[in-house]
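By written order: A, B and C. Residues from 1 in each chain.
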Amino acid sequence: MIKLTNVTKVFNKNRPNEFTAVRNVDLEISGSSITVFKGPSGSGKTTLLSLIGCMTKPTTGRIYIREEEISSLSDRFLTDIRRKTFGFIFQGLNLIRGITALENVMLPGYPTGETNCILRGKAIHLLASLNIAHKAESKVELLSGGEAQRIAIARALINEPAIIIADEPTAHLDTRLSIDFMDNMEKLKNSGKKILLASHDPLVYASEIVDRIIEMRDGLITKEQA
Amino acid sequence: MIIDPAVIALFTGSFLVSLIILIASWLGLQIVMFWNLQCGSEKQLELEKWTYLVSTLMAYAFGFEILSLFLFVYTTDSLHNLFIGAMCAAGTLNTGTFGYHTLGIKILILILAGVWLVMNHVDGQAGDYPLIRKKYIFLLVIAPLVLLEGFLQSAYFLSLKADVITSCCGSLFSSSQTYGESPLSLMIGFPAGYLQAAFYGSAFLSSGLGFFYYRGFNKLGWFFTISSTGFFLISVFSLISFVSLYFYELPTHHCPFCILQREYYFIGYLLYGMLFGGVISGAGAGILSPFRKIGSLQGPLPIVQRRLTMTSLFLNFFFVAIVTWQMWHSNLVIDR
Amino acid sequence: MLWIERQRYFIDFALSSLMRRWRKNIALVIVYTLVVFILASIVFFTQAIKREACTVLEGSPDIIVQRLVAGRQDLIPARYADELRKITGVSEVRGRLWAYYFDPASSANYTVISTERPGRDEGCVLMGQGVARSMHAGKGDLIAIRGHDGSYQSFEVKDTFSSGSELVSADLIEMSGKDFRGLFGIQEAYFTDITMKVRNAQERTVVSRKVLNILPDTRPILRDEILRTYETAFAWRSGILLIIFTGSILAFLIFAWDKATSLSIEEKREIGILKAIGWDTGEVIVLKSWEGLIISLSSFLAGIIFAYIHVFFASSTIFEPVLKGWAVVYPRFRLVPSIDPYQITTLLFLTVLPYTIATIIPSWIASAIEPDSAMRL
């Protein structure tokens, strides 16, 4: 379902600070599964995830999402695929401060033009399934780390994506919350979603729900274990 | 030279719109030269971002061109007090040089910019920018016109001097007197009977073509563009020649501007709005037909075309309906 | 439908994001409002005063005939009127008496006219509000006017004019013809000037040419000419004022550009997040455009309303000296409120258009933030 052939991403090409963050990567990921990208800092995990998540285009190589070649699509179509296919959870959670948790969850749905009451209903439903519905109307800067984490998960799910991408999701969480997070991921996996994680947290990559671990170094895939 | 707040506003407007058109066409030129979607280079990524800027600039330019046309007509209308013999915009435009040229080019730019936005919209419907070069080359055609407009408008206002004796609707449009130099006055001399026939004939032809084009006869595309444009021109012509008479209920008043005024319930805005909408959507629908062959447009283009054709047909139909209704109910008596 | 729903979300979010940064935006709105206020005051004021001049002139005669002696205006013999009546197309000819009078007590100039209305009592005057104010006189009071021979004559104030159009009547003192001639020493056989009415508007120029032929020592003045002169004079004054204010518009634009380009880290972060969670560049531009539009519209509206109040209810206190340039008699007069789409469009072109254009590129730059920047915060 996701296929990369010979993908390379070069930053600042032909300039003194030229840097190749991802090199000649071939990869295929299919089925509902949890894949973890693991590797030292600067090894290109985030870059690879943003390539898969249609956030940037590869310098060379081809990326296929559901058989569709995406690297020569217009920005607009790429965005369209991104919001229909992917849900993102970021390292810093990246919630927008000053608005309520509910509004944060609804935010990815705005450009789709879904009517307000359907969108709101979906958001409340998601918050309820993550046991956080009681915080729907609070401002996000007042939430605890674990609550904010669950808001971020709900936001990633609002457009009903098939693939969840999470970059270092447990970096700021303590052990208990990290385990909570992995439990939630397991539920999502069981509901048929494909999950891609980047992490060097053993709580993540050593977890037994993980199906596949891909190790990276200097932009190359060095080792794979299933 | 007349210094008036509205004249200064028009100067400002045309300067700023020229500026944004220049920026847009400079970006457009880069895109035409260096565009290569297959290449993932940073230059290409940059160019893709520029397309958003160009679209935004053009949308604003279009909006301001509409306002500028309105303000131009209104200004010339309100300046008529300054000229002996001028009673409305028609007289003021006849004063000084390039008055009617400025008006004409403003109308042309408005239609072209509208068609450009239609093309841009269609291009956005496909994932691989199929029209990118064509639309930016088209933009490069529009840009000099905008600069020319700025030039003509400045020349016109600079040439205006209060107190110049001019001829206005009364003498300008009455066929009994000498025609003066106005291009519009030539239209009056044309026999109204033929023109009426042409008006209804072109309306009929255009809607027939539109109907078949709508039903999928793609070969008619260019004909529909031509007939829509033709209908637009004949309608403007007819408006001056005979339609206006029925609105004013005066046998010799042919002014195309007075119907914009309150006395006539601002009906002019509705009529001209429908004409512009009709010609932009009609011409746009037809011009797009050659692009149906492009793979990525095979899905979305027919939908857009059908919508445009429908819009054009509707607007033109209502235009003809209002005009006919007015001719029917007018108290005007023309003795021939 | 979908489109409307999307725009509603964008407007909602634009509003809330403006509110969240109100500290940054409030300064912009205040300056913007001020600029609109100044420009709108100028435009409203000139338009209204132009209209006022038109109403003044509406009641005035089509042609005024003055006599020139050695290039200067002189009294005109009453028999000239008979000559003028003979011209075809002239419907009415009438002699007028009017004078400027400088009143040392209130040190102001007034216009004294005589009208031969039936029942005009001798020894009585009517006066405009402006005169009444500066002379501190009201109905029933006695006022003294200095005659041509140096003696003072007293008149009873019978009434003051209602202030329909104050500009017309503010400095007027109206008295009977006999009093006028006595006061200023003008003989029966003379008038100040002669007025004519010509029924057919198109014949006025012809008639005035005939007047010159019959009475070569006169000068006919057409009302339309005065109107044109007024129009040009006012348009010119306000145009010049606007040009003077272009400096302030430019300063405002630089300020706006600076505000739009200097995105705070928080703002950049937000846009990055929006892009990352599935907003398109075009959609962020729409969002930014709404923000600009909301700022523009609210400042524009506020500026227009303040200017309206300033011009029509507060007597344009700020601009009066520059724009009016009339005698001291008009301390405050009310202009008849009027506003039309033409003025609004003019003002839009002078304020909202430059602001919008100054912010297109900054908002595009903001919206072009890479979506993956959100992953590297």
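Here is the rule we go by: a residue touches a chain if its C-beta (ideal position, glycine included) is under 8 Å from a C-beta of that chain, and two chains touch if they have at least 3 such contacts.
Just so we're clear, the structure is a prediction, and the values are computed from it rather than from any experiment.
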- request: Between the chains shown, work out who touches whom and classify the graph as line, ring, star, complete or other.
  value: complete
Message: Suppose every chain is reduced to the average of its Cα atoms; which one is closest to the average of all protein Cα atoms?
response: B
Message: Count the C-beta contact pairs for B-C and for A-B, then tell me which is higher.
response: B-C
- prompt: Whole-Å distance, subunit A centre to subunit C centre, using C-alpha means?
  reply: 63
- request: Averaging only over C-alpha atoms, locate the centres of subunit B and subunit C and give their separation in whole Å.
  value: 34
- prompt: For subunit A and subunit B, what's the span in angstrom between their mean Cα positions?
  reply: 49
Statement: The positions of subunit A in contact with two or more other chains are 75-76
- request: Going through subunit B residue by residue, note those that touch at least 2 other chains and give them in order.
  value: 49, 52
- line: Two or more other chains are touched by the subunit C residues 281-282
Message: Which residues of subunit A touch subunit B once you look at their complex with the stated criterion?
response: 12-13, 57-60, 71-77
Message: Residue numbers of subunit C touching subunit B in their complex, please.
response: 42-43, 46, 205, 224, 227-228, 231-232, 235-236, 238-240, 242-243, 281-282, 285, 289, 341-343, 345-350, 353-354, 356-357, 360-361, 364, 367-368
- request: In the complex, go through subunit A and note every residue touching subunit C.
  value: 46-47, 49-50, 55-56, 75-76, 79-80, 82-83, 86, 88, 90-92, 94-99, 103, 107-108, 110-116, 155-156, 159, 167
- prompt: Taking the complex as given, what residues does subunit B use to touch subunit C?
  reply: 2-10, 12-13, 16, 19-20, 23, 49, 52-53, 55-57, 60, 64, 67-68, 70-71, 74-75, 78, 81-82, 84, 162-163
Task: State the interface residues of subunit C toward subunit A in the complex, per the touch definition above.
output: 2-3, 5-6, 8-10, 13, 16, 20, 266, 269-270, 272-274, 276-283, 370-372, 374-377
